[in-house]
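Can you keep this structure in mind? I'll have questions shortly.
A, B, C and D label the chains in the order they appear, each numbered from 1.
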């Protein structure tokens, strides 16, 4: 967790950002990643937001089928509640943001869409929007990333995943059906990224559903150089 | 990871422990635990051993069935190899120890018995020796700790677990059949611990197989007070 | 910083300790030490107190003469204020404790006595009560621990230290003169400790001033074994 | 400390950087800073270098006059020796680099010039080259940053600082007099930085002494935005 230092009385920070309540960003790591801050802290200081950095194992930030793998509930309920109670942060939807990269980009979209009353904004860098690929898996056959058991553990029965709440598209339709306000969405994907097609499809889906969002394709790969570049672009857009 | 400070030239440590190669202890946490040192560092300084503290999620330190859950191989091969290459530690079996509590006590026994050529010693505090309980699980029915999917993920098909390498008893028999040297075993269990019966059974199994080991039952529960007490007792026995 | 986990709604902690406001313990390290937790976290969970662990360099936790060395003000004003504002902890004197070992034992006594309106309790393990030794130093002549410049930096001009606020005895007299309530004091010192005489003298001073306190001499040296033993004894007395 | 992961056998890293010995970068923080990594780890992975990140308090990374403030010796002897012995890193001058920002930029220059046989390269971002300012201080009169005692503690008697080893210019002259090879020097300073004049003077000094170096003035202030920009520029120049 990163907390911006509070303002010294003798040296008040005159900026407009310093004189509003602290906002909170939940930051989700990627596959084989770990809780680690990849948002430069000087931006958190400048724009006055706290960063909460959970460890989500390789869960796709979903509620897996085994006990102890409820990572969607962990972020959206247990951890958010803890941060609210212990730090007095993220008390309103307007102050609560989520961002992730790769598997965590999927997680940021999914978590915000699952809890549209709690998150005002989801930023997804190169999100691993693989639900349709999972849905097509045959029993016992995985892909080059992981085996079938892994995807079943994270997403539940592949045959039922498209209709399930583990599919962000399902959640978008629910939000519309219930007349709720959809969290703001930012997405960026590199044109050399193996996830490019998946991202285009989700972008098209959002368009077809009339969901306003920011979608950027830019030169780059599935690596920290691309993500650092887009953290520097999106953070001022999110918190400025 | 905890490394004892090296000896200052101008102030040589006269103790016998300081003047032998640094030994290495792998330390395994319990269910719902995390990598955290529960060995007082002054003991590591006194007896001159390094502590390596992995995060094993809730895996029972086994190679689970999903990609990315190979925690037995992680500890006994990847992490051990890394520690050998990068730190020059744990280069021989004689210098390589493992200890754990609860789920990690099971993991310490299992890992050392799975790699009897790599570990000279396993210390198990209140080990969760639940293999027989897992073997009796009916499809879809878990217990009060976790659901069936969880145990299937960690131990594989419950119907086959007793014969599998996930059962420490199977590993003991293999070691004997292959004429290998069994790692030294220390166990301690509280008389108020819900795992007491499981521990007695494994103790009896070791006796019936003629495996020398240290087994202690003592007043206490399944908690840090008991474990702290036995860390203080066992560490000098292991490294003194 | 260590925060006891908050209570899960579905599993209320029935103990009397869990159902009172969280208390806060400031924990001060010794000479050549660093911010590191030497209070077993299971005790913090059991008695429901947070632990705040600053780094005080080798400052004797005093306001040294150089810019940037104001460690007494740092703990008693800046850090305490931060903890109050950001965590909502240590809001009253009754909830605010301080403990230290060796140089930090001196610091715990000094800080609490300097801010008797803010701290209700100071626990000093083997405190380095060296003010009289410092007062006798000749210009340019240090001792076996550090040179004259070091003591001048920490304590100010040695010739004036006894009358200064860097002398806990001066602070005791001030507290009495101002009719304030003195924080509760616990002290423990090993009978093999090189600081034994200094501790006896301060104990006698407290007696002669009529300040109630707990003072224990016990077999032991100036080492973690002694301090661990007395943490286990004093923490239940402080928070039980 | 950041260590690039070693190469998996089954997936050799084909890059030229991966197939040479790991290089080591000592990274020095600024005034009021702390040990914290400000080099993106993906660069350390790409170019295969370890990062060692000491805490130097507010010492200007010099050997101050008080016991326990020998931060130049700490970095160049104790810490470097520890890293050599425990990690087998930084065993030759060619593999040993140092970089710092602000006060740490001064420290990087000073440490490398003090130990020209140990460091092959010093990179100084906005270095606080304040020796001439210190030399002009009158007894008891500091500046807006710190008091006289502070500068005396760090630099020794201001009246003697220019001739002392705390002055990088003195060290440059010594290196030349002894016919040693001067470490490579990179410097960058923002045109809005209050240290611009000091940097120009040192740059001119290096030119006048015929010391080859890279010196860049660029738009920017004394802040992380400038330093992040120049880390991204200099790291590939240093390790590429």
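Details
Following the convention adopted for this analysis, a contact is a pair of C-beta atoms (placed from the backbone, for glycine too) under 8 Å apart; a residue touches a chain by one contact, two chains touch by 3 or more.
Only a predicted model underlies this, so the values are computations on that prediction, with no experimental measurement involved.
Least step count on the touch graph, subunit B to subunit D: 1. Between the chain pairs C-D and A-D, more C-beta pairs are in contact across C-D. For the pair subunit A and subunit C, the distance between mean C-alpha positions equals 44 Å.
Centroid to centroid, with C-alpha atoms defining each point, subunit A and subunit D lie 38 Å apart.
Shared contact sites, meaning residues of subunit A that touch two or more other chains, are absent. Those residues of subunit C whose C-beta lies close enough to touch subunit B in the complex are 40-42, 223-225, 228.
On subunit D, the positions that touch subunit B within their shared complex are 3, 6, 82, 85-88.
Those residues of subunit C lying in contact with subunit D across their complex are 32, 57-58, 65-69, 142, 145-147, 149-150, 153.
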